[in-house]
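First chain written, first letter: the chains are A, B, C, D, E and F, and each begins at residue 1.
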Amino acid sequence: MALDLKPAPLDEANQAYFDKCMEKLGFVPNVLAAYSFDLAKLNAFAGMYNNLMLAPSGLSKLEREMIAVAVSSVNRCYYCLTAHGAAVRALSGDPILGEQLVMNYRAARLEPRQRAMLDFAVKLTERPHEVEEADRAALRKVGFSEQDIWDISAVTGFFNLSNRIASATDMRPNPEYHGQAR
Amino acid sequence: MALDLKPAPLDEANQAYFDKCMEKLGFVPNVLAAYSFDLAKLNAFAGMYNNLMLAPSGLSKLEREMIAVAVSSVNRCYYCLTAHGAAVRALSGDPILGEQLVMNYRAARLEPRQRAMLDFAVKLTERPHEVEEADRAALRKVGFSEQDIWDISAVTGFFNLSNRIASATDMRPNPEYHGQAR
Amino acid sequence: MALDLKPAPLDEANQAYFDKCMEKLGFVPNVLAAYSFDLAKLNAFAGMYNNLMLAPSGLSKLEREMIAVAVSSVNRCYYCLTAHGAAVRALSGDPILGEQLVMNYRAARLEPRQRAMLDFAVKLTERPHEVEEADRAALRKVGFSEQDIWDISAVTGFFNLSNRIASATDMRPNPEYHGQAR
Amino acid sequence: MALDLKPAPLDEANQAYFDKCMEKLGFVPNVLAAYSFDLAKLNAFAGMYNNLMLAPSGLSKLEREMIAVAVSSVNRCYYCLTAHGAAVRALSGDPILGEQLVMNYRAARLEPRQRAMLDFAVKLTERPHEVEEADRAALRKVGFSEQDIWDISAVTGFFNLSNRIASATDMRPNPEYHGQAR
Amino acid sequence: MALDLKPAPLDEANQAYFDKCMEKLGFVPNVLAAYSFDLAKLNAFAGMYNNLMLAPSGLSKLEREMIAVAVSSVNRCYYCLTAHGAAVRALSGDPILGEQLVMNYRAARLEPRQRAMLDFAVKLTERPHEVEEADRAALRKVGFSEQDIWDISAVTGFFNLSNRIASATDMRPNPEYHGQAR
Amino acid sequence: MALDLKPAPLDEANQAYFDKCMEKLGFVPNVLAAYSFDLAKLNAFAGMYNNLMLAPSGLSKLEREMIAVAVSSVNRCYYCLTAHGAAVRALSGDPILGEQLVMNYRAARLEPRQRAMLDFAVKLTERPHEVEEADRAALRKVGFSEQDIWDISAVTGFFNLSNRIASATDMRPNPEYHGQAR
């Protein structure tokens, strides 16, 4: 049994946010519904998520979703692999890329920049205590800026957070994700 | 070399926040300084941090700091072990407890509730994909509520995020932490 | 670059086999094409495969495909997850089940028999040297016969073989699998 | 208790096979006896085994047995280490080599070709999802052909199969192996 | 190349010790020769070794050798597996037991007392930080005294030391061990 | 409950040793008290310890203590991290260095010689079976002699022994260590 937490009544801003989800996606992502038992926590989560995944960055939105999936694959997170696998398929127009990142990112034919980005994200997920200057240097070498490295690190960190909340609470993805962009 | 990111000028609210840190701690924690290259990211991070660690919860502030240290020990995060190890020493008045959680939480003589809490946090950190209903049941059995389980999960998730940002960017703790509450 | 091995001319029996694949699937699975550089090896592989996956057994064909996917998930094998994930979707009529087994079989809501079956297959894949009598007893307890246990072990063993050949030779799944039974 | 499966009556071809074992080895290997509960499975297993270990190849029979032992050492398979350890001792005329491969192949003084071969087999056994083009390139560099790489991969895969069947069914080696070629 | 350290001239006591080895074993064990570059180190090592392995104890000499081999198997130490595998064969009069402990102690048919002893030794070798009161309780339950538990721990610790010195210095076992007690 | 072993009456030499501890440290280290149930074992342990940590060596006493802490960090040994962490703080005059080695030695800003020394010690602790000539060569390259390599190996081995005895017996460090040299 997943956690039994009752949703709080939405305030105006969050009602608008959920309405926009319904309008654009056809559903409210279950992660937002899960957080809605406490609007302050919902706001903190959504604030960080939107900043990381949607704000301007040297990483494209697709690249940030690629990191999300590669990290979630290490952690074998059912929720995040489903939701962000769909996002990679949609943003890339390449459904096979989405599957490869879910299964084993090494199987994807990536350009060196994106391969270096995912190598860093996966090492930081698996063995954070072994990340050192040489790992940052490998990112600089393929052209990433200082802020890009921050963004790669922060997106990697964020999915190490959300993978764990999803697993800990048995969060289930909306079934709509499955068929998207196949 | 850590990341070379220039701090942005602080807005009024963050200036007040940093001033309050100086007044209460005698220094601005380096993690806040690191995030200050982008105030939107600083706000998102501080917002989530303050909600998790300071808002009302069925977990005491000390218990939340204990999770922080046990998780950071798995990930061997120098920054977080230093800063939150000091917090455990200060909040518990037991400097040895702080050291035990840094080194191996199994060496601490904990009451069953806190031992179950840290067992869950450590498993969720090491093997999130293996966390299942039996793990939640073990928390309920020692008296944790549904929301408490959320909070344990969320604090565990958060330090899995911040450990990785600290390692990825070679963030260094303020030296003042070291001597606190010994 | 994958291995550069030239297909041998097919003999009559294998030509008929490949023709039947074309007729039933619309394509010849790349694993068969890969083996066709040496018809004796193709015959040995196909003989074992067909015996394990198609011959009468106390395990349904779906159950054997479920083992294939759970094992391939541990080994992160792109080829086998793609081809056998499609088979689970098709045989179960439950596309979500296929995805769950690819991502983390613990997320699927399985009846105890199938859960025990996959727990055994995954332990045998990850830590074969720790499989002992208690593990066999757990299978007997949910109703598996002696021969069923053999079959679970043999299917698990077989995908530990084919996952490694696929990874070692960079074998790529036919793109047709991806869209099947979604 | 190992699996309780009753041997089927042997057909003529398998009777001849078992007779030949008795004549040449003085015993029927227990793995064949174990498979004899189902002659179709016995044929499939023996067919693949004989093709891999005895058919013409760029790898000598000794080299194929060396892979068998190095793989079985990773998986700590009592049956296969015993039977194939004896084969390495016999084929090499070097009893110490057999022991080294059982214990830790890195302790053997191997020529670069054989060391590269075993490094590949061991990585493919331990971390198949991390095998990539660079690993194949290392084999080509010491002179292995495309088909040799296939053969190294296939022998490695095969013992990852048979190690698991032996462990899953508590298969015990014939005691005769122990004293052979010491 | 192993370490290039010149043996020191033996003092009288060590000359007598080495002479006794020659007389009883027909050779001086290479570990003693390796340590003889510094007689103080040789004395410290031999003193601890002889106390642990030969002094009166609730563990038989065979049991202490069984621990030596099970620990050395985890650490894959060529020197110690060879020398102490021979000792298990000789002391038990059961050459197969010696092989089983080298390969996978779980394959040996042990009485519960000895199985518990090796389970403890192997856990203490693989995951010392997870050994807790429940592990000691399991030893008490099969009849081990407080001092027996100390002795199991100390022998386990000692081979975790000597395995590492042997691996670090590429120490090679005397070839005579191989054929002993087969 | 730790082991219940009654201290033996001290002989003159050990009484003098314990008195000297009281005089110099203000307490008798609990490890010595633990061993005092059997003076022969105490003598063997203290003899090896004093030779390794105090006798002349190409490694400074601080360097030997640095190895002690880095090894104990891998093994998460509460006793040894506490006692030898204090020693690093005292001998280096740098309390932060002591903390860094407890938490993650990679976070310390070490000169190449000491970094190579700890890389070797940590690899030898985590994966002794993978230590080979290249690892010794890396030590020679930064200037370590043959005997220095022996000493690095022997100190690493020794703490792999004492970490395990401490964990196996639930040995607790004297509380005085905690506040020393902060």
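Note that in this section a contact is a pair of C-beta atoms (placed from the backbone, for glycine too) under 8 Å apart; a residue touches a chain by one contact, two chains touch by 3 or more.
Computed from a predicted model, the values in this text were never measured in an experiment.
Enquirer: What chains, if any, are shared contacts of chain B and chain D?
Expert: Common contact partners of chain B and chain D, which must touch each of the two, are A, C, E, F.
Enquirer: Could you tell me which of D-E, B-E or C-E has an interface matching A-C, in the sense that over half of the contact pairs are shared by residue number?
Expert: That would be D-E, since it shares over half of the contact pairs of A-C.
Enquirer: Looking at chain D with chain E, do both copies bring the same residues to the contact (over half shared) or different ones?
Expert: Same, since over half the interface numbering is common to both chains.
Enquirer: Using mean CA coordinates as chain centres, what's the chain C-chain D distance in Å?
Expert: Chain centres of chain C and chain D, defined by C-alpha means, are spaced 22 Å apart.
Enquirer: Centre to centre, by mean C-alpha position, how many angstrom separate chain D and chain F?
Expert: Whole-Å distance between the two chain centres: 43.
Enquirer: What positions in chain D touch 2 or more of the other chains?
Expert: Those would be 76-77, 104, 129, 132.
Enquirer: What pattern do the touching chains form: line, ring, star, complete or other?
Expert: Chain contacts: none of line, ring, star or complete; other.
Enquirer: On the basis of the stated criterion, which chains touch which? Give every pair.
Expert: A-B, A-C, A-D, A-F, B-C, B-E, B-F, C-D, C-E, D-E, D-F, E-F
Enquirer: Quick one: in the complex, what on chain A touches chain C?
Expert: My answer: residues 73, 76-78, 81-82, 95-96, 99-100, 102-104, 107, 175, 178-179, 182.
Enquirer: For the complex, which residues does chain F have touching chain D?
Expert: 129-130, 132
Enquirer: Once bound in the complex, which stretches of chain E touch chain F?
Expert: 1, 3-5, 37-38, 40-41, 43-45, 47-48, 51-52, 55, 75-77, 120, 124-125, 128-129, 131-133, 135-136, 146-147, 149-150, 152-154, 156-158, 160-165, 167-170
Enquirer: Using the touch definition up top, name the residues of chain A that touch chain D in the complex.
Expert: Against chain D, the touching part of chain A is residues 104, 106.
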